[in-house]
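Next come two complexes, and both contain chain A; in the first it sits with chain B, in the second with chain C.
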Partner chain A sequence: MIGLISYLVFFTTVATILSIAVLGLNLQWGNTGLFNGGVAAFFGAGAYGTLILGGTPQEGHIGGFALPYPVALAGGMAAAGLLAWLVGRLTLKLRHDYLAIATFGVAVTFENVMRNAEWLSGGARGLRGFDRPLQELFASPLAYNAVFLGFVVVLLVATYAFLQRLVASPFGRLLRAIREDEEAAQSLGKSPARVRLISFVTGSVIMGLAGGLYGTFYAFVSPQDVLPILTFQIWAMLIVGGAGNNRGAILGAFLIWGAWTASGWALSRYAPVEAQIYAGSIQYVLIGSVIVGMLLWRPQGLFPERLVVSQRGRHPVPAAAE
Partner chain B sequence: MIQHLVDGVLVGAIYALGAIGLTMVMHMLRFANFSHAELLSVGAYVALVFDKLFGALAPVLTAKIGPLSMSFALALAVLVSMAVTAATAVLIDKLVFKRIRERGEELSMVFASFGVALIVRNLIGLAFGLGTTLYNSDIAFAMVLSTDPLILVRPDQIFTLSAALVLMVVLHLVLSRTTFGYALRAVAENASLAQVAGVNLRRIVIAVWVIGGALAAAAGVFYALTNQITPMIGRDLLMPVFAATIVGGIGSIYGAALGGFLVGLAANLALVVLPSGYAPSMPFLIILAVLTLRPHGLLGVARA
Partner chain C sequence: MSDVLLQTRGLARSFGPMKAVDDVSIAVRRGTITGLIGPNGAGKSTLFNLLTGTLAADSGTVMLGGADVTGLSPDRLFGRGLGRTFQIPRPFARMSVLENVMLAPLRQTGERLWGPFLRPGAMRDDERRIRDRALEVLDFVTLAPLADHPAGKISGGQMKLLELARVLMGDPEIILLDEPAAGVNPTLAGTLIEKIEELNRQGKTFVIIEHDMDFIMRHCDPIIALAEGRVVFEGTAAEAQANPVLLEAYLGTMADA
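Let's look at the complex of A and B:
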């Protein structure tokens, strides 16, 4: 029973953290129409940033600044934002292909640098020496994990509330306007490149937050955590949930993460031993099929974006009729 | 240093073949096709299958061609592979991209291409195993071009470079000297106007996939011949090939050919100063440099 509960806590924590990353992607893709092929890099920048800033000194690489946890987490988010700003500044003025290629390239390069730059990231062995904040206050790991789950849920709710307000605000209307008809927005004196950059950086900072929490939860991060498959998983979550709908994004995250862990468990349990090394390939084919299948048969996702009328006509609908 | 230059040109020819097909697709169908590099893997493995098949049917074909590690069977298999890979590209378009294109969602096509890449790459892994293999396990001895400085080149590399150049010249002649070439360029310039002039757009789209698939197959076999065959060929060549299209300017066929060589050279020269572990990062750095200095590439034109 305790085993089941601690597994549920573990599962929900990871799914909640991934939901935050999906919300960040939803701002970029769902609300602004920006294609981010390198979610793993921005997630990773948050994780590595947080652990380098908040960790204890280690031999062989920089870091271990042992900064207070909120500062370290904010630093990780800032690292993700900075990376997004660098890429976005160069590509957001160009055709959308360039952003797709450049962001994918960032993810490849980020993983490659983290794997090789031992002085920075500990290399392929990963980054250790991070003490989870306030851990000494809790007697059992389960109690700590339960409280940590509460913490990430609060951050998920805060991110959700922030994005809901953002999307409903005049800025959110501007994002949708640019997504739907860039030239029309431009004719009204708006600067699409600037607005896109703001949205891209904000979404990436949110992914950085998710990465920072992920690193905190495991107190460890390695290049294995920032492989391109993470990007594909997070996309599948968004597209299953329904791009443009924040609630759908969160539900999609739980659904896909559940399907991913369940398929992994089923393969490890029921697949013959000699087929075990192919379990990863089978899961990748499944994720790819989910993405392609959804795009072909239900591109609006399970929970489509609800289109809103920003300004009603001069005669508002009577309250009784609503 | 000179060895790096030589290696850069040799691998650059392979990037160029991949990039030419990719840039044509990106120009005509207006989306960044992340599954294009998987066609190189498809080509390499289809050639492997037919190489074994021809070798088993007619053992005389397993004789090697001159100093190459390539046999007559493999040479035939390359031609078959180009046809099969071209058909695969058309089939993927029919199954996935065409349907999404008809709904008019360019960005969804980019998205879908990632899904297709993931499916193709891992199906190849499931079918042929995740390990590496070779067309021919004999050791290919390198020729010493000069001893001081030491420059080594394998006959296979000379062959792939020449074959790649021949393919590019053939493509150039087709594009510049035939009615079909004119039609293709007309569609690239202005699809609606070309249709008014009686060009069948559907056929041109199929032709683009056939050319892209065939060149990708050749590039895949050449890469596999000079390196090794793995299901990760597509993953490893994706960024260099994209970098080549951006260096040349998206949509420019000649730019893509030039870009392929430049990316091969730049990536190899960078390894003079950087540890070789950083090689996978090179294409991205090249892309960043191009976007900073000349966003539309060497031969590209600005397009909305």
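Let's look at the complex of A and C:
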């Protein structure tokens, strides 16, 4: 029983953290139409940033700087935002597929740098020496994990509330106009380059928050945590849930993370021993199939975007009722 | 008296060896509905794109209200009182008609990332004002009953009216219309021209590109005609009708086609 509860807490914590990342991607893609193919890099910048700033001093690589946890987490978010600003300045002129390719390249580069720049990231062995905040106050790991789950849920709710408010505001209107037709928006006095950059950086800061929490939860991060598959998982979550809909984004995160975990478990349990080494690849195939299937049969996702978001008209009586 | 609102001097733009717009100097007087006409390939659209900042000129200048605006981007030009519509309508398809119109006003409090959080009161007041104004403008172009409809689902003619409504939200001095009557059913085209003439009486200046000679002759004065990138005629509709060079240049090319 304890084992099951402890597993549920673990599962929900990871799904909640991933939900936050999906919300960040939804701001970029769902609301602004920015095809970010490098989610893993911004998530990773948050994780590495938080652990380097908040970890205990280590031999062999910079940091940790043992900063107070809130400062470290904010620093991780800032690292993601800074990376997004740099990448955005260089690539946001690119349209959809080209932007996707360029940002995908950024994520692959990021992973390689983390794998090889030992002085910075600890290399392939990853970053250790991070003490989870306030852990000494709790008697059992389960109690700590339950409280940490509460903490990430609060941050998810805060992120959701922030984004809902934003999307329903004139700023959200502006994002959607840029998504729908940049040239028309520019003819109405808007600056697409500026708006795209703000959206890209803001979404990436949110991904950085998710990454920082992920690193905190495991008290460890390595290049294995920022592989391209993470980007595809986050994308699958958004597409299944419904791009443009924040509630859909969260639901998608839980569904896909559930399916991913369940398929991993089922494969390890039921697949023949010879096939075990392929289990990871089978999961990759599954996630790809989910994305393609969804795009073919229900491209708007389970929760489609709402049409009227900022302001309504005078609620005229429908013609048929008159 | 300086009643010239929009003016070009020696404007030129080539695409490879082809001079699409070649040394064009025109003046649009304040308060007119100026028609810009010419056969296909005469350089109308290129000139239009140079005037609206969508294309950069190779040489020459554009003056708006006495200020040099050569090379300014379309968003800057809108801020300086120049609005435009598109030949093929470009609605924000997955946004409501009302939201399309509410987008246009400049410097909205809530348009900044922190606006909704740091200045919620000012944003709400702003929104109320903008919504009222947007509904007024939608009433004017007869689209108010469609306010909550997706802009991508209304008819082509309604989209042209919507584009006019969006532009009006910025209260521009001059509005450039790219083939406003093309592909619009006669009833809506009638509504559109009626609204244009009403706005013109209120003091707005229009430049209309049209392919349809008949439309231009009836609704525009003065008329500027382009052929092969150059201005071949500038004058009143009556003069245009009596001008053999223009008729030959225009109708001759039409006959060749």
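Quick note on the criterion: the second predicted complex is superposed on the first by the 305 of 322 C-alpha atoms of A that agree within 3 Å, B and C clash if a C-alpha of one lies under 4 Å from a C-alpha of the other, contacts with A are read in each partner's own complex, and residues count from 1 in each chain.
By our rule, contacts are C-beta pairs under 8 Å (C-beta built on N, C-alpha and C of every residue); 3 or more make two chains touch, one makes a residue touch a chain.
From a predicted model like this one, the values you see are computed outputs, not experimental measurements.
Undergrad: State whether A:291 touches chain B only (first), chain C only (second), both chains, or neither.
TA: first
Undergrad: What is the contact status of A:91 with respect to chain B (first) and chain C (second): first, second, both, or neither?
TA: After superposition on chain A, A:91 lies in contact with chain B alone.
Undergrad: Scan A:131 for contacts with chain B and chain C and give back first, second, both or neither.
TA: Touch status of A:131: no partner.
Undergrad: Could you look at A:299 and tell me whether it touches chain B, chain C, both or neither (first, second, both, neither)?
TA: first
Undergrad: Per the contact definition in the header, classify A:108: touching chain B only (first), chain C only (second), both, or neither.
TA: After superposing on A, A:108 lies in contact with chain B but is clear of chain C.
Undergrad: With both complexes superposed on chain A, which partner does A:190 reach: first (chain B), second (chain C), both or neither?
TA: second
Undergrad: Should A:118 be classified as contacting the first partner (chain B), the second (chain C), both, or neither?
TA: After superposition on chain A, A:118 lies in contact with neither partner.
Undergrad: Where does A:235 make contact in the superposed view: on chain B (first), on chain C (second), on both, or on neither?
TA: First partner only.
Undergrad: Mind sorting out which residues of chain A both chain B and chain C touch, each in its own complex?
TA: none
Undergrad: Which positions of chain C touch chain A when the two form their complex?
TA: Residues of chain C touching chain A: 52, 54, 73-75, 78-79, 83-84, 86, 90-100, 102-104, 106, 108-113, 115-117, 123, 126-127, 130-131, 135, 138, 144-145, 147-148, 150, 166-167, 169-170.
Undergrad: Hey, which residues of chain B end up touching chain A in the complex?
TA: Against chain A, chain B makes touches at 26, 31-32, 34, 96, 99-100, 103, 105-108, 110-112, 114-119, 121-123, 125-126, 130, 238-239, 242-243, 246, 250, 275, 277-278, 280-281, 283-285, 287-288, 291-292, 295-296, 303-304.
Undergrad: Would you tell me which residues of chain A are touching chain B in their complex?
TA: 33, 35, 37, 90-91, 93-98, 100-102, 104-106, 108-109, 112-113, 115-116, 232, 235, 239, 277-278, 281-282, 284-285, 287-292, 295-296, 299
Undergrad: In the complex, go through chain A and note every residue touching chain C.
TA: 162, 165-166, 168-171, 173-174, 176-177, 180-181, 183-191, 198, 202, 305, 307-316
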